[in-house]
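Below: one structure, written as C-alpha cells.
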C-alpha cells in the first residue's frame, strides 16, 4: 500500500493519495482544485488515478473531484447520506458513484470503507483505510472535517454561511452521536484529517499533521464531554466567524466548479499608475495591493485595498470575498503564479490580471497614512482630536476595549463608514495591528485622515492605557 | 534613445522596443502575441509602452499589437496604404491610429517615420528611426518583411496563401519599386528586419540580426537586378511552399486575435494510454507526440502523429495546421510551457491539453516502424517487395528522385494514402530523414507496414544508388 | 506544537521539523544535507532552528546536522550511548550536546525525550515527542532506523559495510531487547520512522509515512517473535546486499561532512563528443550517461556507463560508488540541479560537471547493443553461439537460473570480465531487464558484443524456457 | 554565417557569438564569466565553441575566456600587441593563441581579422567580421572598448585604476591614431561594441546595441575633432570616476580567474537577527542589505550597509569593492541566484552567503533614519542645528553646492567620518537621494543621527534654496 499526505498551507487543507502498488490504482481523498501535485506523484510512481473520494461538501475550498475526474477519468465517490443524493447536483456527464455507510471502495488490495459521520455536515463520510495485502483491520481513518488533531468539525456553518436555521444545534447533536461511533475504533487507528492549524472549519486545530484515536481520546477537548447537552454547549461555544466566501464554496461544491481548462489565464497588465487608479475607481472592479503594511502606508494608489501577501492575503480575501466584481492584484511578478493558485482554490475565477508593484511609482497621486504608538493616540483621544475605531470581532470587543471607541468589525467597515465623522482623524486598531492595516486602506480611500495604532490592543494593554472591561 | 532587439527563434521572428529615456515613452514594433518580454523590459527600464507599431499584416505569426494595446493602453499604429484602411478591420474598442507614407510617430525625442514599401504586402510600411536628441538623420529602418539580411520579403503569399490571383507578380513589381526608394538611403543606415534565418517569409534570410543599406546593396542578391523584369523573375523563382497556417494568420491579423486573458489555460491530463488512443481516434481530435523520431519509432500510441520538439515541431505544426480540431500534445512536463507559447504564437488556441510522455508506457498496444539504410531499401525495391514514397516538395522531386518512386508531398500525404497499396510495405523517404519520420507516423496509423529510409535522399545519393534526374 | 514531515524520495529518507509556536524554537530530526526545505519552512513559519537531533550514525545518506548547525547556529544533539561519545568524532568548533537515555531536549513547551534503542547501531536513540502545552504523554516517537512501518532496522550493516565481525548477530539481539522496551508504549503512540519504502536500511519497509505502536504490534512481522533466538534468525534472514556507499557514509557521519559552502558548484561542460570519449577513457574519471536504457542501447559514447535517471540512478550510483574518481554526468540540462542534489546527499562531492545529452550527436563513434527476447536468446544459447551472464544477486541466482549461465553479480561485473570469452557474444540478464542494462553498458565498453535479454528472468520464466532450480 | 548578441544589463556588457553553420564552429567575443547563455545557444544551434576571442584586458568585468576554454576546449585568442605578450600572463595549461595586427581567425567560412586599436588599452584589438560564404568585405567590426555607440573608450583607466602615470594622455593620443585607421572603413560597416549605456568604460555610451561607421562618423562627438590636441583634450575631459573594483579586474584578467567549478556555492544562512548583527560587527565581514531605501530607513540591523537591488547594487558594490572581507547579503530568496551571478561577474568570490530579509524581524535592535525635504533641512541648517554632508563627486560639487556643506565623496565616506562632529545630526545629500541612502546607512552605523535629504540636490535647486555656484 502507498499513502502520501498533501497539504496546502494557504488554506490549511489536507488531502491524501492512496494506492495499491500491485495494480497501480490510486485514489485521491478530498483533492484541491489545483491537481498538479497529484498528477506529478502519480506520474512518478506509475499510478493511474481511478478514484477521487469526497468526504463531504466542502465550505472552505473548491473541491478538486470534478477537475480530477475530467482530467484523469477517475470516478467521483460521494456520499448519498444525510440529504437527497447527499446534497450533490452533479453534471450528468461526470462519472460519479454514490456511497452509503459501510460501502467499500476497492483499489486492488486496498479498501476504503465509508462511515457516515454527520455533524459538520449532514452527508459527511469518513473513510477507513485497510491495507488488505498485510492486514485485516483499518490502519487509519480519513476523517475529513469530522475529527481534527485536537478538535472536531464545527456544526454551525450551514446555519451561519448558508442560513439553514437551527442546523447548528442539530449538527452538534449529530456530531455527538458520530463521535460515539468513532470512539469504538481501537486506540492505534490513525487519524488523517482534512485540515490543519489555521483552518476556519474548527476552532482549535493543531499544527500536527496526523494523530490517533487513542491520543485524541485522551487529549482532544471535544472527546471529553460524555453527555450530549454538555457537548453541544461546548461545541457551539466560541466558534470563529465563518469567512464570507464559505457560502460560495458550499454552492459550487454541490455541482463541481468550472474546469480549469475553461478558466482564462490571468495576465500581467501595465497601465501607468493613473490608469490603475481609474480602474480601481470603477465600481465593478477591485484592485488589491498585496505589498507589506509598511510599504502601503507610505504610498498607495487611490481606491486600492491592502491585503498583504502572504500573511493576510488568503484569509482576508476570503473574508472580504467578492465573486461578482473583476479583481486585479498588485504584486511582485514572481508572486503572480502563487497568488493565482490561491484565488483559483477559493473559486475566484474573477481574477482579471496583475500589476507589478512598479506601477506605484508611476502614479501621479499616492495616498498615505500614519502609524502611531498607543500612547500618542491616547493623548489625542483624551483631547478629543480623533475618533477611535476598533475593527476586531464582537467577542474580542466584548472582552475589553478602549473607552468611547467605535466598534465596527472589519468585514463590515466598508459599508459603515457613514457612522464616522469626516471632521476628525480616525485612529483605527485591532488586536495586533494587522487587521487595522486593511481597515486603514479602506478608510483612506473614503477620504479619512487615518492613524493606524501600532501593535494594536495588545500594545495598548502593554502600555497600561485605559480600557473598558466586560 | 533606447533600442532593444527581441527574437523568437521558434518562428524566426524579430521585434523591437524603442524608447525616449527623457520621457519614458516606449513603442514596440511588430510585437509577438506573447508580450511578457516587452512588459519585463519596460518594468525594468521604467518605461511606459504608449505605442505599438505594425509594419504590415503578418502571415506567419499572431501579431501582438492588440494584446499590447489591451494590456498597456498603447495606441496601435497601422498602415492606411495599399488597401482600404490598410486592409485592417479593427474592433472599434481598440485605440488605433492610421499611418500614411511619411507620417511621423513621436516618442519624446524619438521619431518613427513611415515609408510605404509595398511588395511583400500592399500595405507594408517600413519605419525610419531618428534619434532627435543627437541626430537629424535616421539611424536605421525597421524594415518588417520588406528587406531582410540577405533577402527581401516574398511577394507571393497573398496569391498562394489567400488566393488573390495574379498578386504574386504584381507584388514583385511593387517590391522592385520599393527597393529603388530604399536604395536612396545612405550606406550607413541600419536595417532591423522582421525575420531571421528559418522564416518562411523569404527564401534566403541570413542568421545575422542586423545589417546596413550599404552592405545589402553590395551583397544582397535581391539588390542586384537593375531591371524590373529580371528582378521579378529572380524574386518569384524558388520561393518555398508557404505553410498552411499562413492563411489563418492573414485572417486573424486583420482584426486582432482573442486576448490571452480570454484563452483558457491548457492543462495536463492523465488518461491511461488506452484513453489517449481513444482520444486520438476521435475525428475531431489530433494527438501529437513530440518525442524524438527514434523514441516514436520504437513505440507510439495508435493514431498519434510525430512532430519532434524542438527540431520539427513549430514548422510542421504550421504546415499541417488545423484550427478546427482539438489538439493534445504528448511531451515532457518541463516542455509544456514552451509548447503552449509556440502554439499561441501561431494562434492555435485549440490546444486542449498535455499528456506526459509516461502515458506511452501504460498503453496496451503500441505501433512501431523500422528504420533501414538506403541500400537495404534498394535491394527490396529491386525485388519489388516494397513501394517507395517520396514526401519531398515538388521542386526537390523534379531535380532527382528514386526510380519508380511515388511522389506525395508530406502536407498532402494524410489525404492521399488511397494511392498506395496496403499489400506491400511502404519505404518512405525525404531529403534527410526528418520529414519522412512524420510521414511514417501518418502511414503506420493508416495501417501500413512502414520503413523509414535512414538519412533520406542525401544518404541515397551518398551510397551511389540509382536515381532519375531531371 | 508544530510538526512537519519531510521526505526525500530519491533515498527514501524521512526527516521532521518540530517546533514550539509559543517561543518559535524549532528542531530538525535526522536532517538531510540539502537543508533548503527546512530553512524555507522556518522562514515561512517564523521559527528559529535551535536544535538538530540525530537518532544515530546514518549509513545511507549524509547527515545534515553539521550543515544545519553551521548555517543556523543550532546545537547538534547526538547519542552518547553504545560507544565512546556515541561513536562520534566531532570537530571542536561545532556546537554539540551529548544525550543519554532518558535525557530531555526542550523547545519551549515541547519535549524530545531520548530512548536508547540499540540494534540497527549501538548508539541508536529514538525520541519521544511530548506536546507539553496540551498533554503529558508522548504523541509519538521519532524512531529513526529502529522501527519502520512494517519493518525494523537491519542489524548487519556494521558487519557488512564496515567489517565489524560478529556485530550483525549482536545487533539482532540488541534489537530484540530494544523492541521489548518499545512494546511498552501505549497503542496510540505514533511512529515517525527515518525511512520509507525503497530504503536499504531494512528489508520490507512500507510505503506509508507513519504508523502506530498498536498497529505495528499487530501487523509488523518483526514484532511477532517472542523468543530472542527466533527473532535473531528472522531478522538476519534475507537482508538485502548493502550498497557500497554505506561504508563511506558511516565514516563521514562520524565527523560531519564538508560544508556545502566549501563544495564547488558543478557546471555544464561542452566538449565535443570525442572530447567526452577521451575523458571517459581516463582511468581517474567516470562518465555516467543518465539517459533511458533504450536511448543508450541505440548509441552511446565509448567508456560511458548507463545509469538511467530517475529509475536507477540513485540506487546504482550508491552500489557502484566511487568517491576517488572524478564523476561527470550526461543528462538533460533541466535535470542537472536534481542530479547534483542526489549526489551531494550521498556525499559524492567528486561530481565534476555535466554534459548535455546533445553531446552524443557530436561523437564520431558510438557503441550500441541489441535487445532480444528470451526465446531468441535461448535458441542461440542452445547452439552455443553465445555465453549467458546472470548479474542478479546470489540469493536470486540460488533460487533458479538459466542452465550453464555464468553468475557475476552486477557490482562485481566490471572487475570480473576476464572470466568471459571475447570470442562469443554475451547475453546478459537480470530479473527484469534493468540491471542488465547497466551490465550491458559495462560489457560493451570492454569490447564485448552484447545482447540484453528483454524482460530478464521474469520473461524467461513466462516463456517457459528451461531453468535450473535450487 | 550565424551571429548573436548577448547583453548583461547589470554591467552594461555586450558579447557576441559568431559561427559558421557549414562546419558548426563557433567563437565567442569578449565572453562574460557566467557562460551558461553561450552554452545554451551552442547546444540549441548544434555548434561547437572552438574559439574565444578577447579584444583587450577588461577593467570592468571578469573575462570569461578562461572559463569557456576550460569547459569547452576552445582556444583563447588574445592580443600580442602593445605590451610583452599583450600584457597577459596565462596559465600554461590553457590553450592560448596570440594574435597580431591583421592576423585572421578562421571558423569555417567565417573570418575574424584583427586590427590593433590601442587607446583604451595598449593591447586593444578590434576584429573585423567577414562572411566568406557570401561576401569579401567586412560586415562589421567587434570594437570592444574602442568605439561605442556615441562614444569611444576612455584612455585613463590604466592611470586612474592601476596607477600608470602619464598613460591617460598617451592613451588619448593612441586613440586618436586608432580612430584615423578606423575611419577608413566604409560607412556601411557595422559596429558591435563591448558596452552599452551605463558602463563606466566611457562617458556617454548610447543605449542602442549597434551602430555603423557612417553614423558614428556623423554623430559621434569623438569622431569630430580632426586635430590630435583637440581630441586629447576632448577625450580626457569629464571622464567619470572609475569604480574601485576596476583595479582588481585588470589584475585577474591578465591570468584568468578561478574556474567556477572551484568556487564554492554560496548558501542561505538563517542566524537570528542578533547573530547577523554580530557577524556584521566583525571587522573581517561585510553584511549588505539589498532592500529598498525606504525599507532600510525604517529599520536595519546594526552595521549593515544598504545597497538597494537592483537599482544601485552592482554599481556601488563595484565602487565600494572589497575583495578581502567575507561578504553576506540580505535579500529576498528569489533574488539570491541573480545576486550571486552579479558578484561572480565582478570577481567577488568572497560572497559567503545570504540571509532572507525575514531576519530583520528577529533582531532585537534596529537602526532607523529620517528622510526630510530640502526646505525642512534648510531651516535646521540656518539654525545651525545640523551639519550638511554632500557625498557627490568633486565635479558635481564644484559646479554648485549647499553653502557651508562638508564635501566627502561617497567612496571616501566610511574612512572620513572623524571629520564630522558627533554632537549634531548629519543631513546627507547627493544629486537625487540615492547615493545619500548608502551614505545614511554608513553614517547611522557610526553612531550619527542621520537625515537623508529627499530628492537630493535636484530637489534643493527645485525648491530655490540657497546654493554656492562655481
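Chains: A, B, C and D, in written order; residue numbering restarts at 1 for each.
The rule is short, and it goes like this: a contact is a pair of C-beta atoms (placed from the backbone, for glycine too) under 8 Å apart; a residue touches a chain by one contact, two chains touch by 3 or more.
Keep in mind it's a predicted model, so treat the numbers as computed, not measured.
K.L.:
Looking only at C-beta pairs in contact, point me to the busier pair out of B-C and C-D.
P.N.:
Between B-C and C-D, the larger count of C-beta pairs in contact belongs to C-D.
K.L.:
Using mean CA coordinates as chain centres, what's the chain C-chain D distance in Å?
P.N.:
47
K.L.:
What's the distance between the Cα centroids of chain B and chain D, rounded to whole Å?
P.N.:
40
K.L.:
Quick check of your reading of the touch definition: is the inter-chain graph here a line, ring, star, complete or other?
P.N.:
complete
K.L.:
Of all residues in chain C, which touch chain D in the complex?
P.N.:
Against chain D, chain C makes touches at 36, 39-40, 42-43, 46, 48-49, 71-73, 260-272, 275, 333, 352-353, 356, 358, 361-362.
K.L.:
Which bits of chain D are touching chain A when the two form their complex?
P.N.:
294-295, 298, 334
K.L.:
Given the complex with chain A, which residues does chain C contribute to the contact?
P.N.:
Contact set of chain C toward chain A: 1-5, 9, 21, 44, 131, 134-135, 137, 139, 150, 186-190, 197, 206-215, 217-219, 310.
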